[in-house]
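What follows are several structures.
Two complexes follow with chain A in common, the first pairing it with chain B and the second with chain C.
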Partner chain A sequence: MTFSWKRINAIFMKDYKDFSRNLAVSMVIFLPPILAAFIGRMGAASIESYYMIINMAFGMVASYVQSCLIAEEKEKNTLRGLMLSPATTTEILTGKTLLSFVLTIVTILLSIVLAGYNPANIAIIAVAIILSTFFYLGLGTLLGLYAKSVMEASVLVLPVMIIFSFGTMIIALVEQYPILKAATYLPNIQLLEIAAKVEAGIGFGDIWLHLAIIAAWAVASFATAVVIYRKRMVD
Partner chain B sequence: MTLEFINAEKRIHDSLIFPSFNLTVNKGQVVAVYSSVNVREQLIHLLLGKSSLSHGEIRLDGSFKQTNCPGFFFLHHSLYERLSVLEMLRFTKKLHHSEVSIDDMLRLAQLDAKRAIRIKQLSFSEQKRVQFACLLIQNPSIFVLEEPDQNMDLESKRIYLSILQHLSADEKVIFILTGNLESAVTSADTVFRLDANGLQSIQMKTEDERDEASDPIGMVESTQPVRFEKIPTKVNDKIVLFNPPEIDYIESNEGQTFLHIKGESFPCVFTLTELEERLLPFGFFRCHRSYIVNLQKVREVVTWTRNSYSLVLEDLSKSTIPLSKSKMVELKEMLGLK
Partner chain C sequence: MENIIEVKNLEKIFANQTALESVDFQVKRGEVFGFLGPSGSGKTTTIKILTGQLLPTNGEAFVFGESVEKLKQSSYRKRFGVLTDNSGLYVRLSIYDNLKLYCDLYDVSYTKIDEVLAAVNLQEDQKKRISTLSKGMTQRVTLARALLHEPELLFLDEPTSALDPVNTLHIYEGLRALNKKGTTIFLTTHDMQEADTLCDRIAFLNKGRIQLLDTPNKLKKKYSDSTITVELKNEEKIVLPAGAEGAQQLYDYMQSNQVETIHSNEPTLGDIFVQVTGRKLA
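Let's look at the complex of A and B:
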């Protein structure tokens, strides 16, 4: 199995051009920065509101864009061409994931700057955000493999967006309903806890557990995506 | 590089798709297989490696089949509609690490003027040509073409045929799968029919061969009592010969005779009277002023009124053919009825 950067680059460039001309999908990357700008200008922004925006960016950009990229290949019958080419599964998925990854990171950076969020320890936050991005990309790939068209993908991604961007508010209910304690292991809430601890000045030693949980989510989502890909693509 | 089918046979749940056949396509050869959609799909699946043969094997270049080796031209194109023609070709070139020049291929598919236009804005035939250009850039040694010229405009068909010539001169193996006999005959050197009865070759002669042959035939007819049995028809610049039993019926329309064979019609140079004379020994019957029917294929005689009758054939479309009143009497006599 040869791993060719030239092919990955070809897929990346093709997807970039295709994506930039597909306004219906590319519009979503502007939403989180615009919302962030509002929150930043209104003042009195809390760490929760910053993370609502960041989690929304994950759902809208990482998951949504990734699932649309894959679903469109299926809908337009172009995935067959890719699979008949010498490009391997890893190369196809890497090329596609690379574009969504870059877009997510750029959108989140822009949102953070516009919202005026200034984390106390940039390195830890960066690692946490990159790990979370992988989780959402895996989730997006999974949705894209399930959906048969872009339309279906955009409907499927809605619950993901809602659970992961507004789901952070679940924390408030944990006191009342102890069963919701399980939900605190969700990657979006883990991310928020990391951010809160960083602000409180706690060092890396206490945070690695949270990072490990997010990493586990990311690995799980990618593993499922690969299994589903193999299953779906055989027939 | 060759494409070989050895004792290839396919069955799906007890029903026979095609019985075992042998076929070898050598380099520089254009071979078309004329078949139904089912058979065509099965062949494509087999070549893609998605299903396997019930018996026999498919070999590429003498070895067992490996997927990714042939280049496929599918009925449904897979192009990125939002990319321009040039971007699409560049992408294909990078994806396949190909050494082929994009400009040459653009010229071959005559898309030079369209290179900056997005694929979405091209016409169907132009999109098909882009698809062909992509395949040319992949530069496989075996080309498998599925209904290559279906719904194409005349200009694109001409370009497609010239590309085929170029490929065949380039020592490529070309295997065309089509359900249209005319397309098969115009694009390929050798045409086969593949169905549940097996693989049969459809004989053809090209125009120049015919020119040499036509005079002797004329002489034969005038000097010798031996008759040439096959009935020639014309498809573009080629002559296709049919065995009389294959013919369902013959129709004359505005002075031109047409042979109807398995739902398709082929113009024929002979007049109805000439054909009647030739085909009488094969059980053909002049049932109407402008029709000759193959009596072997007649299933029913329908009486509409006392004076109007029709013959229903047992072909797929259940064609009905008029039967005139005077001929009805003749037919009844032939059948031994009163």
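Let's look at the complex of A and C:
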């Protein structure tokens, strides 16, 4: 299997130029930092509020931007051009994911700084955020491949944004509705649990299972995206 | 000569509609092969199957001696180029940026961009965004992109459908030059003049079936009624039959110095298509 950084970089640079001229989509990356700045100024921020912003960044940047980038390639028939080129599935999906990855990390970093969040263990939180980013990028890719247009992708991604941005509220309902216990395995809830444990001074030994669950979500979302992508190569 | 494309008993059915039926043909390396037919006759379906974008329902298709299934491999995709009817260009990027991306994807030097833009008469416009171009200019950029890596085999789906006559001639020159360098061209069109000008051999496709396949000259001879039209100086036009009788009449007109022009009555490819299929090309 070939793996060419030149091709990946070419797709990344193309996406960067294209995205910077697409205000309709690029504007959303400013929303999480703006909200983070408000929360930071209010002075009564909690772990839940920090992670509401971080999960919102995942939904709006990793999933929404990624799904729009892929859906637009489909809508304008440019994805077929990439598929017919010598670039492999890995090169195309890596190239197409790189911009959303960079934007997500930068948006989250900026939001964390503006909200005034200082994690007790930066390394564990960084690993958890990067793993979560991969899950949301996979999900965005999947939605983009499923949607026929940018408009459709924008609609499909809405439930994702709602569930994962405000899904942490599910925890409060678990005791009342035991069926919601399954939802505690969602990556956003796992991330929140990691954050709470990190603040309580718990080390990597008691956190790895949460990281593994998020990693499993990330692998599952990308594996499904690759399968759907390969199906889309043939009409 | 080696076959670069070989199609055997190809069939494609969409839902309940047959798009291709018992299609057989070969394309020799180095030739310009025309696939002619009206809209909906199965031309684009054939290109999609031959480039691995669509699976046939039945039959076999080989490109470069390998089953089209293998065209999914990166190494094979370097060897062919495709110009489709929908541009597939990034509209917010410039012509140059679009071509630069494909230089990187095909591992081609950026110096090639100037060369292909000259071939499609767009050198002066390379900084223009695709969104600002006319349909004809966009089509020329798409063609430039397909020429960028000098493929062994080039699939062209209606390459000049949106072009003005001057640019059409310019594109023909470019395609002939590319063909001289060794690129095999598979051209679909419903423009009979284009097929006659460019193609070594042509196939008439109608309702998913190949009706005729030969060189344009042989087809025209085969369907010619062998008559000639003589235009006299008094503007009268006379159709003379083939053979001794026609020759004698022509001799008489020439002897009496009445002849203005003489034309052989060869049918056009369009006439032949209508005669064979009963349909008009549109």
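Odds and ends about this structure:
Everything below uses one rule, namely that the second predicted complex is superposed on the first by the 234 of 235 C-alpha atoms of A that agree within 3 Å, B and C clash if a C-alpha of one lies under 4 Å from a C-alpha of the other, contacts with A are read in each partner's own complex, and residues count from 1 in each chain.
Simple rule for what comes next: a residue touches a chain if its C-beta (ideal position, glycine included) is under 8 Å from a C-beta of that chain, and two chains touch if they have at least 3 such contacts.
Since we're looking at a predicted model, the values are computed, not measured.
On the shared subunit chain A, the superposed partners chain B and chain C overlap sterically. Shared-chain residue A:Arg21: touches chain B and chain C both.
By the document's definition of touching, both partners, chain B and chain C, reach A:Thr78.
In the superposition on chain A, contact is made by A:Ile11 with both chain B and chain C.
By the touch criterion defined above, A:Thr88 reaches chain C but does not reach chain B. Clashing C-alpha atoms with chain C appear in just one stretch of chain B from the list 167-175, 293-301 or 329-337: 167-175. The contact surfaces that chain B and chain C form on chain A in the two complexes overlap at residues 4, 6-7, 9-11, 13-14, 17-18, 21-22, 76-78, 80-82, 84-87. Looking at the complex, you find that chain A touches chain C at residues 2, 4, 6-7, 9-11, 13-14, 17-18, 21-22, 76-78, 80-82, 84-88, 233-235. Looking at the complex, you find that chain A touches chain B at residues 4, 6-7, 9-11, 13-14, 17-18, 21-22, 76-82, 84-87. Interface residues of chain B, counted against chain A in their complex, comprise 48, 67-68, 72, 74, 76-83, 87, 91, 94-97, 118, 138. Those residues of chain C whose C-beta lies close enough to touch chain A in the complex are 48, 51-55, 72, 74-75, 77-78, 82, 84, 86-93, 97, 100-102, 104-107, 145.
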